[in-house]
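Both complexes shown next keep chain A, but they swap its partner, so chain B is in the first and chain C is in the second.
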Partner chain A sequence: MILPKFEYKKARTIEEALEIYSQYNGEAFYLAGGTDLVPLLKHRLFNPKVVIDIKGIEELKTITKKGGNLLVGPNATLYELKGTPEIQEKLPCLFQSLDATSCETLQMRGTIGGNIMQNTRCLQYNKSLEWRTARGFCYKMGGKTCNVVLNAKACYSNYCGDNAPSLMTVDAKARIVGPTGERTIKVEKLFSGDGKEPFTVKPGEILKGIIIPLKETKGAYEKLTVRGSIDYPLVGVAVTIKDGSAKVGVTGIGPCPRVYELKEVNEKEINNIADKAYEDAKPVLNAVLTPAYRKKMVGVLIKRAFKRIEKGGSR
Partner chain B sequence: MKTVKVTINVNNEKIKLQVKPYETLLETLRERLALTGAKEACSLGSCGSCTVLLNGTPVRSCLILTPEVDGASITTIEGLKEDGKLHPLQEAFMEKGAVQCGFCTSGMIMTAKGLLNRNKKPSRAEIIKSISSNICRCTGYKKIVEAVEEASKKMA
Partner chain C sequence: MDDNLKIVGKRVVRSDSYAKVTGSALYTADLKLPGMLVAKVLRSPYPHAKIISIDVSGALKVPGVKAAVSGFDAYGVKWGVFRYTQDHAMLPTDKVRYIGEDVAAVAAVDEETALEGLSRIKVEYEPLDAVFDPVESMKDGAPQIHNEYKNNINIHVHIDVGEVDKAMAKAYLVREDTFKAAGEAYAMMEPYAVVASYANGYLDLWMPNAGPHVRAKALSNLLKIPLNRVRVRHINSGGAFGGRSEVAPGDLVASLLTIKSGRPVKLVLSREENATSSRQVHDIVATVKTGMKKDGTIVAKDYKVIYDGGAYSSTGPIATSIPFYVYEECYRFPNVRYNGYRVFTNKGIRGMYGCHGRAFLAGNEAQMDMMAKELGLDPVDVRLKNGLTAGEMTATKSKITSCGLKDTIIEASEKTNFKKRWKKKEKNRGIGMGCVAIMCGFPMGFRSGSSCYVKINDDGQVTLVTGLVDNGQGNESMVIQVASEVLGVPMEDINLVNADTEVTNLDPGAYSQAAAYVGANAVKAACENVRKRLISIASEKLGVPESDIDLKDRIAYSIKQPDKRMPISWIAREAFFRGEPIVATGSFFPDIDFEREWVTRPWGQMAGTFSFGTSVAEVEVDYETGKIIVPRFTAAHDCGRPINPMAVEGQMEGSIQQAGIATITEGNVWYRGFLLNPDLLEYKVPLACDMPEIDTIIVSSHDPKGPFGAKEGGLTVRMNAYSAIACAFTNATGILFEELPLTPDKVLNLLEKNKGVK
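Right, the complex of A and B next:
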């Protein structure tokens, strides 16, 4: 498949990247690993004038420990992050979700920033231009209504990142830098909940870092897929237990990951949360498994994750 | 559209090129350098048949723009043989019959080479995990795993 025409620019600093972005009036995309962006471009879902390579920016790729936090540059690859001793020892949930992401080769190229900021997916959206033209553009592509839920003026695409829910359960924060300055927000605040525009970041802004608190936790990540590797979650459940309370993150259903809190970890609370997450999950027929099955698996995976943590991580 | 100047080291040979800014590494290898060992199948990063080594690490060449790899060294399946002798991985794939249609083979071997670069004696589980980056629609993977095991023994 041939890429559309665009220019290529390499930025050495964040300032330079922002500068190029404004030179091209925002008709630009930042390129890190490219494992998510390149297929989108090949499908002609976006037609930027320029692609700005930010891999050369040194400060975006470091992983450092500072004051009880792990500061992760968004250009750190998933594989590098998976090999970080602090994550292996203290954050089992994040380690497992990193390990479950796609496959080793793509983990070595794909970055954590790109994984968090990946666009939402849908069987009707991630298709070639010819396919989509023949079908008629959906709401997310600028058409009038959704192609899955007929006549709906909304987008039901799924957010398929494996690692954002894990980061949410360990209270990670994201630092964002853009033309108007810098801000730090909770990872869950990155998501707008709207499938058409899934992120709250403004045009031109760059994810500058991820701040992960390093505390002793127990955790597990459960993922429903049809294949063993190279697959997006059809449902993903991240669970982290810390100081007797727990957080549960759910991904793969709907345009944003959701997070739930358990004040105590006992069977009643776990069942309550599993029921609540089941209620909240509103899958539609836009992935390879049926909505009813995916909805049911949300509760199942939550209980399964807690059970696995109880058994000390084994299945 | 302006072209981009790149210098890449392909199979230990320094090559200077003028490429399109939107050209993938796979296109450069296949169409400019006639290195057709890396195959184009899905072209979206799902299958792994275009796998080559970028500075010793396996990557999907269909997802990489050639301008991105300026200054890097690339190894393709054509660059594995030494002094006219096939690499132990290539021999093991032949001996074990780890090939049917052969379309995934170069990608499989490059992924396995990447694994052996970072882990001289991988366990069977580690081989399976690494090989699961690539899709083969014929063999069912058993013989491929056996071939990688055999090659790692030979190379030890």
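Right, the complex of A and C next:
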């Protein structure tokens, strides 16, 4: 499968990237690691006029410690981040989700920004143009129906990022810069909840940085897959415990990761949250394992993650 | 000579290894011919639809498009492996029968232009009702996919030996279970590709294939070109696994396009097309009824097996039969009835697969363990009791000539401490055993044999010419090793010319497990004839009797007086001087009953010999998530004498992945006629990290007719590894599987349904 035709521009600064974006009236995509974008382009899911390469922008690559936070450039690779001592020492949940992302080869190419901002997935969406044309276009392709759920009013595609839920549990924030200025929001606020347009970022906006508070935490990331590597999470559960309270992030089911808070960490609270997360999870038949099973695993993995933390984090 | 082998039986580096690991080996997609065009295929968006019209004229108006074709440019000939299965036009003109079926194609100067051309082709369809489930498809009133086949039953294989009902009535224990399995993807590393070049009335083709001669014959029929003008050439193959034995639609497409355009044409399928539109593996529903005596002796078997055949016959009669035969070649069935139905559905074409029949074979073996447990026996004893031995006949009258089944069972069970662990298992853990036999070749008429031509060149180097095919399993290296042994020259002195219909003779190809037993035997025979000539001249020149001469390290020498010696190159030159260069042919034709026919006469000698194997899997089941982990896998294989033990072990290891670990991961997922996982992300081929610790045990035996005692190497594991996993699952949980693959959702479902079962 060959790529469609597009122009390729390499930006050296954020300003330059934004300028190219506006020159092409927004018919543009930003390219960092490309591990999410290139397959989408090959499948003709997007046909941009221009692809703006932001890999070369130095300020987007750095990882620095500042005032009790780790400031991470979105173009830092997952592998670089995984090797950061502060993450290894203080943020076990994030370390584990980075480690569980795809495989090491792709971790060396894929960036944290691209990983957070990856598009939602569906067995009936991530396919060639020919396949999708035969099937008929769904909401996410600009059609008027969902191919998975009969009479559905919305898109049920799954957000499959491994690291956004862990970042949510450690209270990370995202810095966004765009044509209209700069803003800082909680990572969970990046997600719209709409499978068609899963992100709240406005046209042209670039993720400029991720601010991760560096506090001592305990944590674990549980990921359900069929195979030991490469696979996206069919369900992913991130748990971080800090100062006696905890946060739980759930990914892999539905268009956005969800986060839950536990005021105290005890069996009753854990069971309550597991039940609530189970209730909230609305999987449909758009991944390789059954929806009922994936729903059930939300609760199972939450309990398992807490159990593993209690035992000192080992598997 | 056999007992004093220098090269055969040794762990040699395969002749193809360096080229493959350094990337210098060429595959079809690497070929570049002058003026070559790129082809793209327009595919059916409907699972079942009448073709009203196809208009390719729009494509021809695109600058750069040099040819555009549809089935209306062909002769309307339908291909079938058998006279009674000729139903596949490759490019249909009446109707389309599955999503992704080839409908029209263009050849253009580049891929973008070809895609542009495709978008200009107009096809008018009238959609028809479609059917996707074979059981539904067999019912009256289901959409008729081919007019010739009532109730969409493509093939019915009926075998009835002894008195099944009577024996079943008298049996001490009878059990009936139904097992399902999703079809698999071949997932060859190389997606299908073909290069076709038509010039001066000759059509040359390159493609990964398991039998160039049958390919050429099919294309000669489809294109109405004399067979000697269709030449399938040799090229490296990135895997076949049974899926590349037959002519492919792409072969016809590329041929028509090169004939029309007068330029070479290359067609390379995408990964998705390779899954949706080349070949797939049968989904299977197998009902297995077994009657046993109190002592565990199987007295009767009664089978009903339904194979989802997809849209066309393909190797239908063979596919409908093989799972049964590899089982009856393993165990003694005094009374057995088999009803195998291959049924058409509006899904992609289903072909033979190296791991074909997992629902049937794993079902049989897991059920046997349940029955053994009920009778207070264990899997090892039951298998030893019912396993065939050398000299016995199978139920359908094939004689077993050499048989190491017993040794594989004993060695695999001793190595794993099977009996003790099966009986006193740890919580959540299980161990299971699967056995099978494999025919080394099967009846293919005059194509069942192989022949080889050998010449010694003036520098003493050797050229071997044989029809033998290598799809990556190491067949080429194997025959070079055999020739090296016989001729006393190192492997690197031997050039191989093979699998080229112009220069090589007929050969069964690499899909009936015949390469070692038949192909290598022919090479051995030819080399022995050459050896005789070499020795005759050496004897004359050295003045010693022929019986005193041996060949080694490029030298002919006297065994008694080793200083009497001469290089083989001198003998070759002497022969040239005499005007009688050293050339010879040799052939091998297996002892098969050629009256045997898959449907009309399913009895008689199936193959010259049979290989045997026993796999033992150890599993851990996570009761919370349903995930199965396979920490260790042991496989024992009677492959006769292994010609290259390292290559056999490689085949066994690959089989543990492709059949064994795939039992918990692999299966095609469908929504009606749409394949939902035609890619390597969602189709879960096991990864390196999913592989268990592996023990491979080669049970070296000596087949009386095999080359140096060899039989096929590796396939038994491919057809018993899933059984071992299924049996281990049963041992761990006390539950029989219902459907493969045993993905965590299915496992958890089974555990919940059977709560309380011990």
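As a working rule, the second predicted complex is superposed on the first by the 315 of 315 C-alpha atoms of A that agree within 3 Å, B and C clash if a C-alpha of one lies under 4 Å from a C-alpha of the other, contacts with A are read in each partner's own complex, and residues count from 1 in each chain.
Quick note on the criterion: a residue touches a chain if its C-beta (ideal position, glycine included) is under 8 Å from a C-beta of that chain, and two chains touch if they have at least 3 such contacts.
These numbers were taken from a predicted model, which means no experiment stands behind them.
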First, second, both or neither for A:Asp53, with chain B first and chain C second: first
First, second, both or neither for A:Thr290, with chain B first and chain C second: second
Which of chain B and chain C A:Leu123 touches, first, second, both or neither: second
Partner chain(s) touched by A:Val38 [first = chain B, second = chain C, both, neither]: first
Touching partner for A:Arg135 - first (chain B), second (chain C), both, neither: second
Contacts of A:Leu224 with chain B and chain C, given as first, second, both or neither: second
First (chain B), second (chain C), both or neither touched by A:Arg304: second
Touched partner set for A:Tyr8, first chain B, second chain C, both or neither: first
Chain B versus chain C as contact partner of A:Leu106, first or second or both or neither: first
Residues on chain A lying within both footprints (that of chain B and that of chain C): 1-2, 5, 228-230
Residues of chain B touching chain A in the complex: 1-2, 4, 20-24, 27, 43-46, 48, 51, 57-60, 62-65, 67-68, 111, 114, 129-130, 132-135
Interfacial residue positions of chain A with respect to chain C in the complex: 1-2, 5, 123-124, 126-128, 130-131, 133-135, 224, 226-232, 288-290, 292-294, 296-297, 300-301, 304
Chain A residues within the chain B interface of the complex: 1-8, 10, 31, 34-35, 38-39, 42, 51, 53, 55, 103-106, 108-109, 228-230
Chain A-facing residues of chain C, complex: 43-46, 99, 111-112, 270-272, 276, 624-626, 665, 669, 671, 674, 676-678, 681-682, 684, 686-687, 689-690, 743-745, 748-749
